[in-house]
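To start, I am sharing the structure in question, which I have written as structure tokens.
Going by the order they are written in, the chains are A, B, C and D; count residues from 1 in each one.
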Amino acid sequence: MSSTATTLAPELAVSEWFNTPAPLTLAGLRGRPVLLHTFQLLCPGCVAESIPQVQRIERVFGSTDLQVIGIHTVFEHHAAMTPVTLKAFLHEYRIRHPVGVDRADPASDTPLTMQRFALRGTPSSVLIGRDGTILHHVFGVEDDIAVGARIAMALSAPAPHALRASASTDEQGCAGGRCEVAAGGQSTD
Amino acid sequence: MSSTATTLAPELAVSEWFNTPAPLTLAGLRGRPVLLHTFQLLCPGCVAESIPQVQRIERVFGSTDLQVIGIHTVFEHHAAMTPVTLKAFLHEYRIRHPVGVDRADPASDTPLTMQRFALRGTPSSVLIGRDGTILHHVFGVEDDIAVGARIAMALSAPAPHALRASASTDEQGCAGGRCEVAAGGQSTD
Amino acid sequence: MSSTATTLAPELAVSEWFNTPAPLTLAGLRGRPVLLHTFQLLCPGCVAESIPQVQRIERVFGSTDLQVIGIHTVFEHHAAMTPVTLKAFLHEYRIRHPVGVDRADPASDTPLTMQRFALRGTPSSVLIGRDGTILHHVFGVEDDIAVGARIAMALSAPAPHALRASASTDEQGCAGGRCEVAAGGQSTD
Amino acid sequence: MSSTATTLAPELAVSEWFNTPAPLTLAGLRGRPVLLHTFQLLCPGCVAESIPQVQRIERVFGSTDLQVIGIHTVFEHHAAMTPVTLKAFLHEYRIRHPVGVDRADPASDTPLTMQRFALRGTPSSVLIGRDGTILHHVFGVEDDIAVGARIAMALSAPAPHALRASASTDEQGCAGGRCEVAAGGQSTD
């Protein structure tokens, strides 16, 4: 279900954002822990389990600097899960955190962020540390207690000031070879 | 939450059917109890509560002559809940019973079947007796025990052979005045 | 999990009653449907599942003539589940319906009512019809919808006036051979 | 529902232990985080919520040095919740961690540990740090995510070697004035 890796998280590839005034990048968030929650709006396990869990996470950690980001990683039923439907879905389910539409890959049913993180399906969650490395990723839903523990540990890590300073340059090459490496490193779970 | 009425159920108005080789009509089902479950695919209460309840009903009453029918009564976010999305939704949620798309009313956001039954929103359920009368309707979700009891009572009623014989003629005028009366009769809950 | 039988229910054997001004007998209740719920206060499945279900049943069928009876059928940890502890348990769990302590059998760990009904453990439920016959019995907990349906059917049966008149005589021989027959008849589930 | 205090936890007062070969003291556990879970076996909220949560905690943190301790703090229905009944309860609910019977106070219905920690009722939980101070206490049950986060933080604290050495002397005066202070300090929640 889960694995850990000490690799730097690849950058997000997002074609459209909701619930945020400006696009987000992991590079720009360096210094803060990030919880990436990837889902599809017609995925029963996402609706019944992982989205409610993310909302519980937001309640508990609302006063911390944890950044929760949803990524709509459509890899099936593409015509059924358009951004128009996603927008209404976010409204009906009262999802307030930033949600990005994973950028389609013309050559594949699997969109780009999903490829870069080597995600196996939805729901998947990736916890990214203040230094931009992947602390944990999981396909499916883990126990709330374990999730709370992991996020607390991510929050308690000291902010890596040096890394944060170089974030904007790190970002540049992300769509290239490094994402491939990261994806390869995660494919062992 | 609920009310009972001794009025004849109005006819369905459906623009497209899923999970059935041929369109269904209440008139054609006269003689069998019918559970109408009306929902929207982006309605959280439908997905979390009423659809699982309908699936439990199907398991318990699968060997009886109860007919379960879903009606997708979209009255908001019309562009987000198209038949294309509904079809994928039915696949992902493993909904096997016949589901009809409530026919749009060009003059209203509320589709026609919803208007005829005077439904207040989704989820709503209407239990129709063997004689075609409305035994019970409810906005929201009732206790499973009560639901089981009501359906058992509907099933135990004797089949009304005379009514069944005249069903096809009854159906003709259904879109006219009688539906209006029925809707009026139900608006007191 | 369940079976049906057309045998007359054996009589209860109770050493102490709670929540009733006078002892109850099935013979005395002839004419009304009876739901017997047998449990032990230290049985996790009883506390977590069957007792809450019985309380839901009471809410739904509170205005009918269904009689709910609990029987505390202790067959293990006898020193731990005394009537003193049972009394506090009923108070804390807000159990308001009549509860009888199954009468101990000096020759067995299994108390008498449990033997007579050939119950396999706790929780078990026995639904008894207006005519005093066993309509259904189950070891474990069934789906609420099915339970609601069964009770509705039991309630809809006509009251058997002739049987009711002879109830007090029927009762006499109940502790004898007939209970043995009933127990044998139910041992096939 | 909860409060934090920087006071040293008072010592346990236990008349009988289960699931441990030798009595436990908080002083003897200095250096390890301790989760005290106080309950009564006839407390519905304990059985339905806090005990299952403690068991989830044990699953997630089973490989850490967190010590989970249950304290049976009977403050009502004393005759109904004896150690004999507790022993059977622990067996039936598969509670494997050490459980102590809170020592009765001849002058009060409230037992001694409960008094010392100024607990308001059951279930209550007290999280004690490696240095023996109370990190958190709560009456009722908190969200699993928050509980997981708190325990992770307690586990991540460095072990206080100096404090651990002096633990046995610290323990002596615990039943005296210091417990009063601790109780006073916690009464503000």
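Note that a contact is a pair of C-beta atoms (placed from the backbone, for glycine too) under 8 Å apart; a residue touches a chain by one contact, two chains touch by 3 or more.
This is a predicted model, so every value here is computed, not measured.
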Chain C to chain D: how many Å between their CA centres?
40
Could you give the separation in Å between the centres of chain A and chain D, each centre being the mean of its C-alpha atoms?
38
How many angstrom lie between the CA centroids of chain A and chain C, rounded to a whole number?
54
Multi-chain touching residues of chain A, meaning two or more other chains, are none
If each chain is a dot and touching chains are joined, what shape do you get: line, ring, star, complete or other?
ring
Which of the chains touch, listed as pairs?
A-B, A-D, B-C, C-D
Footprint of chain C on chain D - complex, ascending:
42-44, 47-48, 77, 79-82, 84-85, 87-89, 91-93
Residue numbers on chain C that touch chain B, as the complex places them:
56-57, 59-61, 143-153, 156
